[in-house]
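One chain, chain A, appears in both complexes that follow, with chain B as partner in the first and chain C in the second.
Our next item is the complex of A and B:
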């Protein structure tokens, strides 16, 4: 009986999602909130339990197999928590939107698929739900507006491509391991095993939004409804991506610190941190700036897990949780500003601190968390990652701490431009948003503080059990922070503040505090290319595919020419030649007959 | 005895009944339409009644020797019944769609005659236990499709129909030479006899190549594929029937019947065919990204997906072959849906040029959603049925160790996503082009929505088709697939 609760975790949100499509527009928000609450209560009730369930499904080794244990329970709990907060937030945010029925339906179906993917104990079941999220992803972006289908398609193509890689990885893994049951797979990283790992890792890191699979996220920040940003790129996708990355590195494959793949992951993490944060720094839109940070922060998680050191893995997973908290909170403050002023363009914002004090405090806490200011939660997870990165090589640490500097700089710029300075006439009517929107923001900000000050709570309850035997003899809580690195962090943050204040003074205004970097020699060229999308792998890839397909089209037309032109003209040529032989002269025909007879004689009497 | 009668009726009801349709149509159009549907539905229902016994490993055979070494053999095993059910089911829905689609064109009597005869010939081909019978039915499908492609009688259309006919008959004649060589080598047209004979004397390469020419031309695979996009001038239910459900599947079915079940090919041959399939999948996917005619794009997509089906059959392992069988089902459902959507669009906007279309999402919501669902299934995105088919084919390929080919097909799958979304975006999204367009007739919209829902259910209720396929595979494997 208790096993059936696993089915309920998948079926209840799914059916609720389908139902909310049928409900009247007024009631569907409340209904979705209730469904999300039920989902959350279920997730709480089975947290820390161990359950297994298997029944036959698609045959050929593809059994419908679910497994609840520490890690999956934790991810599911987190996803349900954010799902609940965002459906509460949307109640007010989407009040007058025509598409809200669809939004809630996709939200609930997504929660169902996330539960399914996390619970899956069979690789194909995992892939089924994982890839199924493409449909809701597409739907959630496309409802944003008449032009947002372009971004939706872009997202679907990028994520679809990486999901296909993951499909190949899963097929290969299943073949090498001889089973598709996840808990039975323990593979080495031989030549094929390494390939399988890379393919699976592509699926994982691209779901999390790492470079080069990230470029749809900033576009979606503009086109998609805001709660989508808080739900997908900020939380659910991070939870899933990092969950899978941790699963494949921790138990499905035995990745250890000596492996070259570990270095590949760390390099990917470091590059993701730096490139995305540099892009974030020069953004002039609230949501777009946040979206680049949603990419940049993934770098810390991948870097942490890629180190293959207990501190790094714990830091990476803890950072995933923290990131979901503060990034979700940040997006929600962005939504509050959008709702209240009608814009997220920083050039039209300013002085909101007085008009929206609660939003400002929530922004302040979450921004401090993402910048890694002690004692907020981001500080502790980042310190764990720094520590592990330092052990693997100073260059990785340098990338990480440099990323922190620019993160702090860009949030100082954002906060300065939006909440300080002079109030603009565009937003003179701005006032605090409704309580439904404030509650989720306050909750998230409060959790950021709690998980920071009392960081032993999440670390000992959530993170440590996931690492299992690897965590033995290690202490990841705040007291273990490497003092030297901690002091460097604080100094770097102070440096960022001083840098911001000076730059703002010289350039004139908070929003211009990063202009000197934007227009620095060399960098300015790179930025210009990036803004023209020359550096967008998707755009480049689509151009490449266009060229390839033109070539293939030529081949196709070439083959068709054989049938369309060559064959008829050959037939005409032959028949014309034969016709010319029919001259009408008896003598010629007799000559032909004689030649024919001669040939027959030769054939018979040879 | 009774089972044999059923088997006989499955084939003969539509084949013989088809000729009564124009006569009945003289008296009442409505009766004729219903009769056409009933004939096809009867084939489906009767196939369904055979299901329990073939799943119990029974093989039903009708065998009659004729003079001069010819013979009339119908054999119903699990593979044949599966194929018959898939084709007759899809055809039955397409006939319902035809009721309104074809109602305002000339020559309706001929239309129903040809469609039902086509389906009957397909049934005969599926159950054929003898090569010569198979060839006869093969040519009947060729002749009926020739009439159907040129149905609107315009000069260009007739030329296209001739092209399709000539290309497929060219392949078929080569195949006939292959069959005769096989007769010379083994002494029989009977597949059972041939199966035993080739165990002792392996096939000669030329015979295989000749038969393959026929298969490739019928299944529109590179380099004999270009007739299929041109055949898009046919009425839409016909293109759905030809491209999706039945005609192009004939080739892959015969491939499975001859070269997987009866006389398994050697690994080198299988590899060559896999490479041909890969080239075919890529070239046509590329062409689908460039072409601007809605039906041609979907036709190119069919060629591309046929490549996946061939691939699964060539890998000689359980999951790959099973994937291909599932692919036949799922692709049939989804692609029939896409073509029927194209039919609604073509009829209501009077154009097939996607650059002139746009914004139909707002005027034809049900068609748009059905198109999207069917596209998701063709792309292989869960929870739609195409996902499992694609996964199983790729898994089979990787199991056989064809890493490079698997990646070519993955690239093909990415192209599939790109070209289907290109079509979807240009036709349904963006600015409203032709504003007068409205939703199709209720029965037509019902049919496309049904295909969309079935594509979705096919994925969610995957255990039903896959359980059946598992049994089909077991039967195919006992004594057939080399391990």
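Our next item is the complex of A and C:
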């Protein structure tokens, strides 16, 4: 009987999502909230249980097989928690929007697919739900407005391409392992195994939004509805991407600390941290700045898991959870500011601290968390990652700590520009948002504090059971963190504050505190390229395809000209010439016949 | 019973010319000739089905030459019957004067006797004689209208036929010198045994080929074709294009070069070259023609090229394809000439620049002409597609891929010139309104529908036709 709850986890949100398309616009928000609440209650009820369910499906080893265990239950619980908060928040945020029904429908269907993907114990079932999320992703971006279709297409192409890689990886994995049942797959990293791992990892990290699969996220920050940003790039995609990355590194493949692929993952993580945070630093839009951090923070998770050390893996997964908390919270404060002032452009914001005190406090806590300030949760997960990175090589640690410095700097800039300083006339009417929007923000901020101060709660309940045997003999809770690294972190953060204060004083204003980095000799060129999208693989690819298609069009016109003009005129020319030869004199015709006869005789007697 | 195919029209000819007035009444004449031809069609259709075979021929002793009926002759008799019947039908609605009718029917009976005997005979000299008999009757038929063009067309045909006669007679003389007999069997043995003078045989073959190519009207021996076809009266052009040149030229070519002579490599290459040149040259030439009948004439040359090309491939399959294309071409080219007759009767001209938008006024003509031209261009599932397909497959399997590809490409040209014809004549703007709102006659409409129906039926029932009538041909090819 209890096995059927697994089916209910998939079916209930799906049916609720389809139903909400039929409901009147006023009721569908409440309905979606109820459905998300049911989903959450179900997720809580089955958390920490082990269930298996299999029934035949497509044949050829593709059974519809679901498996609930520690890890999947945890991810599902987190997803359901955020789904509930976002639907509560959207109740107020999307009050007057026309696309409400579609938003809630896509949200619930996405939750259903996330549950399906997480529960799947068959690679094909996993792929089915994984690809299904592509549809809701497209739908959620495209409802945002006129400009959003372009962004939605971009997201679809990028994520779709990497999903293709994953599909190839799944096929290869299934071929190598001889089974599609995930829990039975334990492969080494031989030449083909390594390829399969890379292909699967591309699918996982691109879902999480790592560089270079990230470029649609900042565009979506501008175009898509804000709750989408809080839901998808900030939480659900991180949960899924890191979940899959952890599964393939922990269970399906035997990735060891000595493996070159581990180094590749760590390098990818370090690059993602640095590039995205540098881009975040110079943004002048609330949401866009956050979206770059959503990319940057993935770097810590990939770096952590890539170390293949217990501390790193625990740190990576813990960071995923923490990131979902504070990034979701940050996006929600951004939404509150947008709702209240009508803009998210930092140049038009200022002095909101007094007008929106609750929002400001929530922002302060979540921003401190993301910057890794003790005793908030981000500090502890980052410390675990630092510890593991330091063991694998100081260069990775350096990248990570540098990333922390810039993260802190950019949030100091954001907070300074939006909440401190002079109040602008554009937002003099701003006031605190409704309670429906405040509850999710307060909840998230509170969780950030709880998971920080009482970090043994999530670590012992959620993280350690996932690691299983690997975690034995290790203690990841607060007291065991490497004290030296902790002190360095605090010093770096202090440095960031001092830097910000000085820069703001010299440049005149919080928003300009990072300008000197923007205009630094080499960096300014890179930034200019980035702003012109030269560094966006998608845009470059699109340009390249356009050039190719133009070229092909020219060739096509050429061929067409041969058909359209050259061939007919040549044929007509030949035809007229032949016609002129037929003069009508029979003597000529006899002459032709005789010449023809002569030629034939010569040919026969040759 | 092969002699019946000769004696029946002969008796009818005698009866028609008996000095009794009532017999000259056209009401009695048309059905008599038409009925005779229908009977011929019926008999020849059922020949391969083993009906009437094995009955001793009581009239055989009257002939100095041997008549033999085999699968190839029966198909030829069928074609002669169909096309001559259609020609008589068309004529019955075009010719009304009593004397003209009398002349026309006499001449057509003579030409049918000539053609029937040609396809049944098994002696090369007698064959020549009956080819000439056919030609003489047709010369007069072409010139019946007595206009300047009719005389010019006849004259060109006459002169070039004379040249052909010279070639063929000389060739027969050489065969007689080399073999000592003119019967097919003797010549065939001479080719097989190598005992006779190889040089004389070679010379004879070459000269006979040249003569036949003039009769076929392929490039470069085709000068007379466009003039003769376009100068002849409508009903005669159906007969001329449909069977006369086909039987007296192409059939003899198929019979001699397919079943009697042995094709050496040089002859094969000659036939292939002549065929492919005819296909391309004539297809290009027809592209800019402005007269409906001239365009059809060039198209005829091009289509005969396919038959010659298939013969040149010298395999049983190619021979089957050639005969099938012969049949199809006779049917759809007759159909198109009947269409031309219909236009001529309605508008008094076949100049395409003066015709336009007739599609809505002449629905049957426009629909059937579309079937005819699509079949010519080889569009599935019409009959022309299958015969071209067999020919092209045969060329490939005979190791002549270049010819196959060129032949395939030339089909596109065929489609091009026929589409331009269709656009000008049946679609587009109405250029000239009909001189008189004459109703289309029953004879023409019936022939159009009949021939179109045969084209469609032969295309759809292609497998049945291939198995019943065509594949037995493989036995007579050596």
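Simple rule for what comes next: the second predicted complex is superposed on the first by the 545 of 606 C-alpha atoms of A that agree within 3 Å, B and C clash if a C-alpha of one lies under 4 Å from a C-alpha of the other, contacts with A are read in each partner's own complex, and residues count from 1 in each chain.
What we mean here is this: a residue touches a chain if its C-beta (ideal position, glycine included) is under 8 Å from a C-beta of that chain, and two chains touch if they have at least 3 such contacts.
Keep in mind that this is a model prediction, so the values were computed, not measured.
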Partner chain(s) touched by A:582 [first = chain B, second = chain C, both, neither]: second
Touching partner for A:164 - first (chain B), second (chain C), both, neither: first
First, second, both or neither for A:276, with chain B first and chain C second: neither
Chain B versus chain C as contact partner of A:105, first or second or both or neither: neither
Which of chain B and chain C A:560 touches, first, second, both or neither: first
If touched residues of chain A are counted for chain B and for chain C, the larger one: B
Contacts of A:593 with chain B and chain C, given as first, second, both or neither: second
Chain B versus chain C as contact partner of A:605, first or second or both or neither: second
Which of chain B and chain C A:574 touches, first, second, both or neither: second
Chain B-touching residues of chain A, taken from the complex the two chains share: 56-62, 124, 127-129, 131-132, 134-135, 146, 149-150, 153, 156-157, 160-161, 164-165, 167-168, 170-172, 174-175, 195, 542, 545-546, 548-553, 555-556, 559-560, 562-564
Contact set on chain B toward chain A in their complex: 163, 167, 222-223, 225-227, 282-287, 289-291, 318-319, 322, 376, 379, 381-383, 387-388, 390-392, 394-395, 398-399, 403, 406-407, 410, 413-415, 417-418, 421, 425, 429-430, 462-463, 466-467, 469-470
In the complex, chain C residues that touch chain A: 152, 155-156, 159-160, 163, 167, 202-203, 205-207, 209-210, 213-214, 220-221, 223-224, 226-227, 266-267, 269-270, 274, 281, 284-289, 413, 416
Chain A residues within the chain C interface of the complex: 571-572, 574-576, 578-579, 582, 584, 586, 588-590, 592-597, 600-601, 603-606
